[in-house]
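Below are structures written as structure tokens.
Note that chain A is present in both complexes that follow, paired respectively with chain B and with chain C.
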Partner chain A sequence: MKKDFAIILALLLLPLLLRSSFIVSVATMAVVYSILSLSWFFMEKEAGWTSLVHSIPFGIAAYALAINPVLIIPAFLLSLLLFTALSLSGREKFVFTSFITAIVFWYFSHYITLSVNGGVVGGEEGFSFLSIGLWESYLLSSSMLLLFFTSFALIRKSGLGLKIEAVRDDEFAARSIGINAFKIRIVSFAISVFTATVAGVCYLLYFGHVSPEIFSVEIVLLPFVASLIAGNRWASPIIGSYIIVVVSRAFSGILPETHLLIYAAVLMLSPKLKRWWGASAY
Partner chain B sequence: MISALLTAIFLSFFASAVILNYKIGRLLNLSFASIFTLGAYIYFSFNPTSALLLALIFGGIMGAIVSAATRKLSVAEATIISLGFSIAIEESLRFLYRTSYYQVMETNYVELFGEVVSIHEMLNGAMIVLLFLAFAAIPLSRRGFELKFVEDDWELAEMYGVDTSRIRFLTISISSSFICLSGAVLAPTQSLFPSMGWSSMVIAVIIAAIAALAGNAGLRKYGLTIPIAIAYTAVLRWLL
Partner chain C sequence: MLRADRVRVELNGRMILKDVTCYLERREIMLIAGPNGSGKSTLLKCIMGLMESKGRVFLDNVEITHLKPSERFKMGITLAPERLRVAKNLTVEENVSISGDFQEALEIFPELGPLAKKKAGKLSGGERQMVVLARALISKPKYLLLDEPFQGLHKDLRVRVVNMIYNLSKKCGVVVVTHDELDEIFLMSDKTCILVGGEVLYFGDSEGAEQLMREMFM
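For the complex of A and B:
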């Protein structure tokens, strides 16, 4: 864990040392997506639920902040309710029920409109919000990333972490020793959804604009792919997010679909990659 | 009304293919979205007759690859792999047809009971009705019993000596083949873009999920996709 922390710290400090606005802009994007991927990784590795619906808390939070900051709390609660409802289908079906829900939500997000001063805003265009600036965004999202990374490490060592792992490994066995499995599931979802919500807030504060693209398949799959390409450690989703952002930026002029082709390759190889990373961990 | 009915027949067919792949192939075959699109682009690129034949062949090949790649995996893993294939096909099409995002083709129309209907929609509807009839006849044969056995209890069927791998392979390949053909036949009725198959895919999955509530018994769940699809198109017409 200390090694992972050192890697992340080095990744976060590097743009500050280079002091290039371009590098910081790429790094900010990578950090925001890293928070999202980390929230996904917590739910997958710690709680044992493979989700393809993290784009919803991420996107809803950004939309809520852009429309009215007061809506952030209902947005968080709505996302949590959605995760809980979807989890009723069971762990195995959760993968595709969550994916279909995310896609349906993406379609409906195009119809989120608001009447302002007699005119209509939103829809395909999305909503605008005042950006806090590049360096401020970078510092804010980096601090959040470090905070969540440290918090997750502490949770894992705590009694709560052990309970979450017990429910993940065997729900019936956990219930037999007096753990309220459903409550623990909700708590683990709440932690993950809250992290994704903060990622959505950081996204809007940096870009200053949110559109239905935040719910797109690319965002839906990003945490899954990012966590698979860089191993099975706690730093993996963060390193993976950096790789995806840097590669897509590097090839954006030549082949804009590069990152999606990476997605496709990773998805097709996902069972093999999972087993390979799992075996190399021992 | 006729056009809505033809759309419902198509959606019902798509949903039935999704259910069949889930029950026999043990995967939610998300590659259907792009295989359907692939059929449409094949029709756009070749002359109609060879396009229909090529769509049938390419759809079958894609299905065979997906089937081979998802063998002996869990439902979740197989579903994720099929999604990978879907994205790969979609991005390849985006790369190959970069010059123009939307492609539009011309179609011919006929007047039927006072309503103007596309010939391609009618052709697709007729093809699917024939497919349904053929599918309904399968349970009467020995292969039909095998299919039903695998659908009801895959492990037990394997223990009794049924070649489940072959049935799975054929189911995924043939259904992919017809989805691709359907994409080719319907191509002139829609604007073509690489992610065009997803809207049909999502609706088909929802219809399939509702129809699957009817249980595992025989053809009932497939038959149920028709009224659900009709209800969906009726609601859509009412909303629009």
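For the complex of A and C:
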């Protein structure tokens, strides 16, 4: 974990040393997606639930902040409720039901509109919000990433972390020694959803705009792909997010949809990658 | 007293348990015997609240039927499940620490000391069973439900677990479901419940079950 922390710290400090606005803009995007991927990775690796619905807490948070910051808490609670409801069908079905839900949500997000001063805003165009600026965004997102990464490391070593892992490995055995498996599940979902919510807030504060694209399949698959690219360590989802963002930006002039090629390659190789990284241990 | 009262379980139209009633006091051992598929493990799961059932369960005259397993655990019931079920990706120490103090577990099973940092998924059957038993024992239960506690254990360790069950019965009630070491457990048990096809063939003092036990299992 210390090695992982050092890698992340180096990744975060590098743009500050280079002091190039372009590099910082790419890095900010990578950091925001890293927070999202880390939230996904926590739920997958720690709690054992493979989600394809993290775009929802991410996107809803951005929308809530853009519409009215007071809506952030209901947005978080709504996402948590959605995760809980989807989990009732069991771990195996969760991956499919979550994906279908994410796609349905993406479709309906095009119809999120508000009537403002007699006009209609939202829809395909989305909503605008005041960006806090490039450097401020970078510092905020980086701080959040470090905070969550450290928190996850602490959670893993705590009694709560052990209970989450015990439920992941064998729910029946965990329940037989008094662990309230459902409560533990909700707590682990809440941690993951909260992290994704913060990622959504960072996204909006950086871009200053949110549109239905935040719920797109690309965002749905991003944490999954990012976590598979770079191994099965806690730094993997972060390194993976950097790879996707940096490669996409590097080839954006020649091949604008480079990230889709990465997605396709990773998805095709995913069973093999899982074996390589030992991610199929549970 | 821990009492299961007319416990009934139906799965896919098949009766797994048919109005099973049995009970034991603190500081007693109850042996649940029966052929494979007679519902012995299912009965333990129902007592622990891990399986939906009809009928009622009482602990010290308080009905606990509606309580979740975690609440029953807090009231003093612990189950050591069969099939060596532990958290595979946690170390031995982490597995045991969930229930209580690892040092206490080492007093019961010193063999776990050198294995403390080893992942439970990489343990042998006997080592894993020690983890299962240690987790249950250090939770200091009032009533301990042991489902096949000798599974995977070698002869020396089996003898130790038999002695341990006897010593435990001085502090708490112990329910044992087993196919192994049946003679020893039967001889030290206060009550015996014989299940056949989900029905109680015999429940009462173990002395009264001797002939039936010899005819059926020994």
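Some points to look at:
The working rule: the second predicted complex is superposed on the first by the 278 of 282 C-alpha atoms of A that agree within 3 Å, B and C clash if a C-alpha of one lies under 4 Å from a C-alpha of the other, contacts with A are read in each partner's own complex, and residues count from 1 in each chain.
Methods note: a contact is a pair of C-beta atoms (placed from the backbone, for glycine too) under 8 Å apart; a residue touches a chain by one contact, two chains touch by 3 or more.
Keep in mind it's a predicted model, so treat the numbers as computed, not measured.
Taken together through their common chain A, the two structures put chain B and chain C side by side without a clash. By the document's definition of touching, neither partner reaches A:18: not chain B, not chain C. Look at A:165: by the touch rule set out above, it reaches chain C but stays clear of chain B.
When chain A is checked against chain B and against chain C, the one touching more of its residues turns out to be B.
Of the two partner chains placed by superposition, A:88 touches none, neither chain B nor chain C. In the superposition on chain A, contact of A:174 is made with chain C only, not with chain B. In the superposition on chain A, contact is made by A:271 with chain B only, not with chain C. Vertex at the C-alpha centre of chain A, arms toward the centres of chain B and chain C: the angle is 90 degrees, rounded to a multiple of 10. The superposed arrangement places chain B and chain C with a least CA-CA distance of 14 Å. Against chain C, in their complex, chain A makes its touches with residues 159, 162-163, 165-166, 168-170, 172-180, 183, 281-282.
Of all residues in chain A, those touching chain B in their complex are 50, 92-93, 95-96, 99-100, 103-104, 107, 217, 221, 224, 255, 257, 260-261, 263-271. Taken in their complex, chain B has these residues touching chain A: 28, 30, 69, 73-77, 79-81, 83-85, 87-88, 90-91, 94-95, 198-199, 202, 205-206.
Residues 48, 50, 68-70, 72-74, 78-81, 85-90, 94-95, 97-99, 121, 132, 135-136, 139 of chain C touch chain A in their complex.
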